[in-house]
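First chain A sits with chain B, and in the next complex the same chain sits with chain C.
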Partner chain A sequence: MATVQATAQATGARKVKPNEQKIPLARVLGRWAFMWPILALNLIVIVIPSIAGLGIAFTEWSGYGQPEFIGLANFDRLMQDAVFFKSLSNNIVWTAIFLTIPIFMGLLGAYLLAGIKRGQMIFRVLYFIPFVLASVVNAQVWRFLLHHRVGIGPWLAELGITDILDVALFGKAETALYTVAFVDIWHFWGFLVVIYLAAMSAVDVELYEVARLDGASRFQQFRYVTLPSIRPTIVFTLLMILIWSATVFDYVYILTSGKPAHASEVMGTYLYETAFFRFDAGYAGAIGVVMTLWVALAVGGFVFLRRRGWDV
Partner chain B sequence: MGRLNIFGSGRSQSTLPNYIILILLALFAALPILLLVSNSLKSTSEIAASPFSVPREFLWSNYGEAFDKGNYAVTIRNSAILTISTIAGSLTVAGLAAYALSRLKLKGSNVLSFYFLVGIGVPAQLFIIPLFFMWKQLSLVNTHVGLIIIYTALQSPFATYLLRSYMLSIPEEFVDAAKIDGASDWQVFRHIIAPLTGPGFLTAGLVIGLFTWNEFLFAVTFLPEKEFKPVATSLYAFQGRFSRDWGLTNAGSVIMMAPVLILFLALQRRFIEGLTQGGLKA
Partner chain C sequence: MSDAINPATARASSAKRHGKPLRATLTPGIVYTLLIIGVLIVVIPLMWAMAASFTPNHKVFEYAYPFTWRALLPVDFTMEAYDNLFARGFGRAIANTFFLAIATVIIGGAVNALAGFAFGRFEFRGKNVLFLTIIMLSFLVPVDLTAIPRYILVNSFGWINTWQGLLIPGLANSLVIFLFRQFFADIPQELIDAARVDGATWLRVLISIILPISKPVLVAAGLLMFISQWNSFFWPLLVAPRQELRVVQVEISLAVGQYGTIWNELLAGSMIAAVVPILLVIPFQRYYVEAITGTGLE
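What follows is the complex of A and B.
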């Protein structure tokens, strides 16, 4: 409401330029009416709870009754919480994995696709399928295939290849996180192929012809023509991955729930457990603040680079 | 996004290596799904004996059993309610907002566009805790309405963003003619802009529907009660309960996957466009 009135006042007081019709106040108010539903919904579901989310991090709160202000105590506790540090480091490992492997696969797939005439569409569709399927379904696909008693493992073992896939990959501390990440990569990489392919299709074909005349090999064409041309798209996907890696939840929760012994715990699952199973909402809020700081730093860094004139 | 061949028409470089790697990648993407379907038609003992072969005889009874034990009659209804309502709600709210942002020259609409982008980036984990206890106070937990409101709020910024770009591409003359005839802003929206944005509404609706059908985090939090659960979270519980019965859990997963897969294959251009253009979260 305040915004609406302020805007109406600003509009009313504005100097009317000669060739610009003055729009009546009632009509301006009427125009803002188109925005009310979305603003109200966002205020109630996202803005107010987000502010509250920042607030509860400084309180002791079970979720019921009055939160008690305790200053930075939750953050002190975080600093001494081994499980939190395990989660945070798993998020960092996750980020490193996702900033490399899916990007490589996405670029490879897109570059090869851009180089063929027939069948581009069908490959694009096939690669994209895992991306549209639900996390619960994709989890089932790989829980089965990677199961040490029924899936690929026993089959390989019969061929004499043992101790690779015939072990409980989701259940072992050394492999749990990487196995979950593998499933999420399988679900995600096709999305990158499509995005990169769209960017590559917009590159001027003449650039490639010039490069070829100079005797550039395929890899050199990729390195000196394709990569620089689609850099803004790549940087954008890097930013998205940075954000998503902080908030990752579904695949970890569904496949391992952070087990065994927090070996595959990430901030998202730890926060969830803390808030909804242990009713330590204030402490969970502090984890949420850390995640938000991560996202803010990523977005801030992106904006900063752009301001500095980086073409990203 | 056409069928551009970046290697041009000049001296042709062989594309055979391309095809070999592309086919391997395609097998990597699609074969696991094919195996899920194939192993949904076998008995658990056959799965253990030969997980990669075609089913000896198609055991369709897995589906009937999964449908009953997984309570699909109820959960599909729940998911349908959530999905259809969220699509309708989001498109309404977003359509109005996109119209205001693209056509009505509101002061501060740039700030709003920026806010929507920020809003898409705010981690769900930041607001889900206060939101849950707020919804608890309002008795909205374990109600479909409660979750529909949340989904609509989450999806409408993206839909606004997408619809806005569609509306901006409508030529001004269409609107001018109506304005000369004295049409109000609402009439312009109702009779000119909204109908011309049809393809945009379809694309946005598909993405919103896909999101809602697949969504897990908010569904598992806000609808813990069995009778209200959508397919996604009830399938999760089902997979846990019958974890040794692979034929059954595979069939249950295929039931959830089938409508998405069929719709995606039929309308893949729209899905891909919607999910890659504005689809920051899926």
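What follows is the complex of A and C.
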């Protein structure tokens, strides 16, 4: 605390060396006062719950009373648990879906938008709307639209196209997870459009100029100018998707709660069910540890690649 | 982005100049057609749901099966669903949610701005470790995992079914701290020095010098906090199930099971919950997007 100094961090204009300026203790405490509220809040909301959450994985605990330390027993149980593996594999499927379809839609939307002058702003706002709506809202809208008795499905059935949308998509084991993923993509893709569009707008126009002089086709320009230029943004969104796919919860919980028969179960919903309905907080903690490991691996890999000199 | 020369337009004109017709030319007609398809994908589901919310419940299915254009426009316009909803206390939920969201913006905004200022302008030992710990923990450890101990902690304070329990865990927002830190770190030192020489305290500097020039970050942070609190569902469901404290999202989600899905009421609630973020995002989208893209690209 003694080395408190006021630096022009961003400008770097006037760096004050640690001991050049003696600052009275009261002033030091005064500066820390800026931090006390957030530190206290973070302790309650993030730090203690994170440590405790990871800690309970090694206990047998109902959520009430005294947790009993049982070492790695919960993880042994995980290894035998078919439902856990079903949810883990659903998380992997979810990741594969989200690393491809929304990225493609986002890139396509942003590319098309970057090419127009008139109305770019309006399109951008409209595409962004589903992203700012609550999961509960989007889920109800689609629960309604994809209901087997209303909307698109029966209409197609009228036209003779049956067995595609006129069935209970959220209720069937083969379709439940994909249908939830569809709703989540509908909510999410506009966010990617907006992010990629911002990145594409920052690309140096002269690069396209040069590419054109070299006779690059439009696709080649996209492939060799646009994509490399926005690579950091793409990698960042891939990382976010990796993280969110491990912890996905809300759309699955609201639309199917993992049903039928765990067909659409993901780790997030399984954890919730285990902790709050089966009062097996220790075991839920073990599921949470697996999720945390997944996220840590994703972030660790990202940092590792960056350290290795990848421009990601 | 407005001042950048548009790459695709430039490309199109140059293709003409060179007289090299591209095989798969994206004419403006095709581009706009595709973009409008995108808009329809977004807008039609919402319009459909809105129309249904203004339709008598027994007709909701009638127009959609078989599908006619009537499904997209409320032809038998009625406020029945909205009236029923409010008769059941939905107004209370709206008031609760507004109160919570505004309190979050004011209190959370102050707390996060102070922290962002300290992280952005002060040097102290352990600053970076502290910053990384806060950011990393909040992004790394899944929210549903921390919800268990957080619930138990909040319960041990006796905060279940209280305003404190609803409000306090939502105040600290790492993304918002990050936003404030970036913005404050970029403010020229000269501005601050001048005030410091005059003997102003840091708090005074923050309030009278920094805040007046911080409109973009204040709007962005306010929007982020308001919308995330307005949309929050999981924590309120867990911590405040009591009817008097219910928020909009919880009220909607409970309506599904409770009343055997009365479609027009369910959708009416959803439309009310949707209209608030939409009205906020249309005028302020620029700030919101800049905030998100800014943090992402750092």
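Just so it is clear, the second predicted complex is superposed on the first by the 292 of 312 C-alpha atoms of A that agree within 3 Å, B and C clash if a C-alpha of one lies under 4 Å from a C-alpha of the other, contacts with A are read in each partner's own complex, and residues count from 1 in each chain.
Please note the rule applied: contacts are C-beta pairs under 8 Å (C-beta built on N, C-alpha and C of every residue); 3 or more make two chains touch, one makes a residue touch a chain.
None of these values were measured; they are calculated from a predicted model.
Asks: With the two structures overlaid on chain A, would chain B and chain C clash, or do they fit side by side?
Replies: Once both complexes are aligned on chain A, chain B and chain C clash.
Asks: Return first, second, both or neither, reflecting whether A:T100 touches chain B, chain C, both chains, or no partner chain.
Replies: The answer is neither, since A:T100 touches no partner chain.
Asks: Where does A:P232 make contact in the superposed view: on chain B (first), on chain C (second), on both, or on neither?
Replies: A:P232: touches chain C, not chain B.
Asks: For A:F123 in the superposed arrangement: first (chain B), second (chain C), both or neither?
Replies: Both partners, chain B and chain C.
Asks: Examine A:N42 and indicate which partner it touches, taking first as chain B and second as chain C; both and neither are also allowed.
Replies: both
Asks: Looking at A:W186, would you say it contacts chain B, chain C, both, or neither? Reply first, second, both or neither.
Replies: In the superposition, A:W186 contacts both chain B and chain C.
Asks: Touch test for A:S257: chain B only (first), chain C only (second), both, or neither?
Replies: neither
Asks: In the superposed view, which residues of chain A touch chain B and also chain C?
Replies: 3, 7, 10-11, 30-32, 34-35, 37-38, 41-42, 44-46, 48-50, 52-54, 56, 63, 108-109, 112-117, 123-130, 132-137, 140-145, 149-152, 154-155, 186, 190-191, 194-195, 197-198, 200-201, 203, 205, 208-209, 212, 218, 226, 240, 243, 246-247, 249-250, 253-254, 268, 271-272, 275-276, 281, 284-285, 287-289, 291-292, 295, 299
Asks: Of all residues in chain A, which touch chain C in the complex?
Replies: 1-11, 13-14, 28, 30-32, 34-35, 37-38, 41-42, 44-50, 52-54, 56, 63, 108-109, 111-117, 123-130, 132-137, 140-145, 149-152, 154-155, 158, 186, 190-191, 194-195, 197-203, 205, 208-209, 212, 217-219, 221, 226, 232-233, 236-237, 240, 243, 246-247, 249-250, 253-254, 268, 271-272, 275-276, 281, 284-285, 287-289, 291-292, 295-296, 299
Asks: Write out the stretch or stretches of chain C touching chain A in their complex.
Replies: Of all residues in chain C, those touching chain A are 1, 4-12, 14-15, 22, 24, 26, 28, 31-32, 34-35, 38-39, 41-43, 45-46, 48-49, 52, 60-61, 64-67, 71, 110-112, 114-115, 117-118, 120-125, 130, 133-134, 136-150, 152-153, 168-169, 171-172, 177, 185-190, 193, 196, 201-202, 227, 230-231, 233-234, 238, 249, 252-253, 256, 263, 266-267, 269-270, 273-274, 277-278, 280-282, 285, 288-290, 292-293, 296-297.
Asks: In the complex of these two chains, what residues of chain B are touching chain A?
Replies: 1-8, 10-11, 13, 15, 18-19, 21-22, 25-26, 28-30, 32-33, 35-36, 39, 47-48, 51-52, 92-94, 96-97, 99-101, 104, 106-108, 112, 119, 121-134, 136, 149-150, 152-154, 156-157, 160, 184-186, 189, 210, 213-214, 216-217, 221, 232-233, 235-236, 239, 246, 249-250, 253, 256-257, 260-261, 264-265, 268, 271-272, 275-276, 280, 282
Asks: Please give the residue numbers of chain A that touch chain B in the complex, ascending.
Replies: 3, 7, 10-11, 27, 30-32, 34-35, 37-38, 41-42, 44-46, 48-50, 52-54, 56, 63-64, 105, 108-109, 112-117, 119-121, 123-137, 139-145, 149-152, 154-155, 186, 190-191, 194-195, 197-198, 200-201, 203, 205, 208-209, 212, 218, 226, 240, 243, 246-247, 249-250, 253-254, 267-268, 271-272, 275-276, 281, 284-285, 287-289, 291-292, 295, 299
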